[in-house]
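Two complexes follow with chain A in common, the first pairing it with chain B and the second with chain C.
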Partner chain A sequence: MSYSDVLSIFSGALTTLLLSVAGIALGLPIGLGMALLRWGRLPAVGPFIAVYVSLLRASPLVTLLLLLFYGLPDMGIEIGPIAAGVLALTMNTSAFYCEIWRSALLAFPREQLEAARAVGMRRGMCLRRIVLPQIARTSLPALVNEMSQLIKVTPVLAIVGVVDITRAAVRVGADTYDPLPPFCVALAIYVPIIFALVSVQRWVERRKARLETSE
Partner chain B sequence: MTKLSKAVASRRRALAAALLSLVAWATFGCAHAASLEEIKKRGYIVVATEDDYRPFEFVKDGKPTGFDNEMVDALQKYAPFQIRHEILPFTGILAGVATGKYDIAITGATMTKDRLQSLDFASPIADATDYYVKRKNDDSIKSIKDLSGKPVGVQAGSAQLAHLSQLQAQIEKSGGKIGKIVQYTSYPEAYQDLALGRTDYVVNTIINLTTLVNQKPDVFALGQPVAAPSMAAWSVQKGNADLLTYINQFIAKQKANGTVAELQKKWFGQSFNLPVAFTPEY
Partner chain C sequence: MIHSFGIVWLHRDLLLSGLANTIVLSVLAALSALIFGALISTVLVRRARTTAHIVRFLIDVARCTPFLLFAYIIYYGLPSLGLRFDNWGAGLLALIAYHSAYMAEILGSAWRSLPQDPIEAGHAFGYSGLRLFRRIVLPPLALNAAPVIGNQIIQIVKDSAFLTIIALPELTHAASAIQSQYFVPFAAFIIAMLLYWALCLVVEACVSTLGRMADARR
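On to the complex of A and B.
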């Protein structure tokens, strides 16, 4: 395996990071939005989201991706491999984020909301100042868990032509007929990425704890 | 009906409706690939190639190379339209051509009867007769009958997998039976498992195996043919006749000016005389 082979696996790492960051950055707020809409018990929207979430949680990512990639052009929407990958990741992960956020919302003590209303807080302000900071903290471990899952399922996107870490390693192996060295390099790249994510989680948790004790 | 059970029932109905519309889409939606006229009008053709099928198509130093990719370069010089080149694993290629996502698969796909139902094949570009490869130090395999009972590796969804029935018939004629068939997403993994001893032989086309044995002469050794002669060719969506004729004219011209023979020698180690049309027996 040559130096340029290692380099090509690293450029695969850029794609993996790009896809993961896009999936997380889009999925996290969409999941939160869907959870809030369900929590708010809106008559028409709530059931619709419930169906959407159950459908997406039931469909494997590869199947969803193939459906989007080969199906959307059928309806006149051209879509490239990266865009299809981001769309499939976002749809899939936002359904799981929605359930994580919703479980935190369901466990949220109603008394706090009543107290906020009693002192004349509006709904939006109550959400920003009281609900969100607390559910963000309780959901954090589950959210980070889902994020690390997302990073590790990105290799399935290779089926439509996305070249992530694993696919780049497969390509090197197909050229040299010696697949073990590229796979070792690939694994050595995944580990620090996940480690960095978990470090951020720990840092956020420690910072929150410190802020609370100083209050 | 209580309020809760009503809500559950309406949710079930919505779920059923969503699933039904998916099935309807699958049944009635039928895309078609661009015809030659449409390709000329919009100014580009969408070409799909593989990324791990040495020596036909593979990626070296981040650039696509191999026999078919050099043919793509030649096509770009020949054609009045641009080439949009998509590189993806084999699993997605033929499905993509059959659904019209790609106009043509420029990959060494073996022609089979099954594939002819959804694809039309151009003039063959290579001999694709199946051989087996074994570990060099494995002295227990000397001829076809020695393969009896031994585990074999092939690529999932490949023509070689479909052709194994011919090998089975040969082995059974000599009183043995075919061993466990292990399927892989692509051949590099199958070769690796053969080297590790998880399987005892791998079936692939003569060209792929010759390249493998030339690259790793200490590990692998080539065996005998295991199926009737077959050919590898590019494919378009079934019924896309104009594009097929255009591509066949291109191939005929490259054969006449010596490009095909030169590239075959460079990538396959030998050039061969191939028919203009080929009808697969299996």
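On to the complex of A and C.
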């Protein structure tokens, strides 16, 4: 394995990171939106979202990705590997984010909403000033956990031809007839990235626990 | 669209054998991972510092590794060290080794959060060793950890789909086979997703039944 091979795996890391960031950036607000729609008890939308979230949380990302990558062109919608990958990641992770946001919303004390209403706050302002800052704080550890889960499933995108860390490593392995060293390089890239997120999560949890005991 | 679902229906035996393989894989992997996880967790809670540190480090590395890469390493990487598996062996080994780390972590933290009073009371009443574990420690441990273990089993079911990359004939592989032969991608994969959903709902139902039984006994 030459120096340029290692470099090609590292350039795959850039793709992995960009796609993960795209998935997180799209999935977080979509998940929040779905959670708010369910929280608002809309008659038709609520149950629909509940079924959607349950189905997507239960189905493997590979199956979803293959469905999008082969199924959408079949229905006349052209989609490339990168777009299919981002769409699959977003759909998958937004379902998990929705559940995280929703459980934070369910635990939110209703009295505060009534108090906000009593001082004349509108719904949007109440959401922005009172609800969001608090549920963001309570669900932060779970959100960070879901981010590390997302990075852990990104190698799936390699199956449809996205050249991420895993696919770059597979390529080098196929060229050199020795797959173990490139896989070890790939592992040495994934583990620190995911471990950094896990450490952030643990730190946030510890801080939260300390704050709660001091209150 | 109806036509393509008809094609999938005609080849339902292929899809069902894929589903059966997914179930077999998941059940074997879940049971073995639980057993190995329990064994590993006894090292975690014991006093032996250095062993506990080494095991903890290995668990952290496993938990930071993407499952797909892990399966690749076992199937394609290990043969260069002289360890060769067929796709079933590699798939099972990957699932079991990977999820044992998670199970060990789950059981270890459930063990650490157990209240100490009943265990001390058990000691006082003359329970010790295996009997203490079976009668006093295990029931609350199993009940506390059941929901998290249920989630992990769902994760095993979902991870088994990745094994399509090493040509293991599980559910996603069967759906892929039908789609590549008859070009009915939407019908094939949506039915596979619905079947995965059904599997997960079954696991969730089992966990909540367990929880209700526990509440009734309390």
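We adopt the following convention: the second predicted complex is superposed on the first by the 193 of 215 C-alpha atoms of A that agree within 3 Å, B and C clash if a C-alpha of one lies under 4 Å from a C-alpha of the other, contacts with A are read in each partner's own complex, and residues count from 1 in each chain.
The criterion applied here is as follows: a contact is a pair of C-beta atoms (placed from the backbone, for glycine too) under 8 Å apart; a residue touches a chain by one contact, two chains touch by 3 or more.
Owing to the predicted nature of the structure, the values given are computational and were not obtained by experimental measurement.
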Chain B and chain C placed together on chain A: clash or fit? clash
(Q) Tell me the contact category for A:S54 with respect to chain B and chain C: first, second, both or neither. (A) both
Does chain B (first) or chain C (second) touch A:I194, or do both, or does neither?
second
When the two structures are overlaid on chain A, which partner does A:A186 contact: first (chain B), second (chain C), both, or neither?
second
Report for A:V170: first if it touches chain B alone, second if chain C alone, otherwise both or neither.
-> both
Open item on the list: Under the stated touch criterion, which partner chain does A:S4 make contact with: chain B (first), chain C (second), both, or neither?
Closed with: first
In the superposed arrangement, which partner chain does A:V156 touch: chain B (first), chain C (second), both, or neither?
-> second
Touch test for A:G71: chain B only (first), chain C only (second), both, or neither? both
Given the options 20-28, 38-46, 128-136 or 272-280, the segment of chain B that clashes with chain C spans residues 20-28
Residue overlap on chain A between the chain B interface and the chain C interface 54-55, 66, 70-71, 74-75, 158-159, 170, 173, 179-180
So, in the complex, the side of chain A touching chain C is made of residues 54-55, 57-64, 66-67, 70-71, 74-75, 148, 151-156, 158-159, 166, 169-170, 173, 178-180, 183-184, 186-187, 190-192, 194-195, 198
Residue set of chain A touching chain B in the complex reads 2, 4-5, 7-8, 11, 47-48, 50-51, 54-55, 66, 69-71, 73-75, 81, 158-161, 163, 167, 170-171, 173-175, 177, 179-180
Touching chain A in the complex, chain B uses residues 7, 10-11, 14-15, 18-19, 25, 29-31, 51-54, 58-62, 86-89, 91-92, 95-96, 99-101, 186-189, 191-192, 212, 215-216
The chain C residues in contact with chain A across the complex are 60-61, 63-69, 72-73, 76-78, 80-81, 154, 157-162, 164-165, 171-172, 175-176, 179, 183, 185-186, 189-190, 192-194, 196-197, 199-201
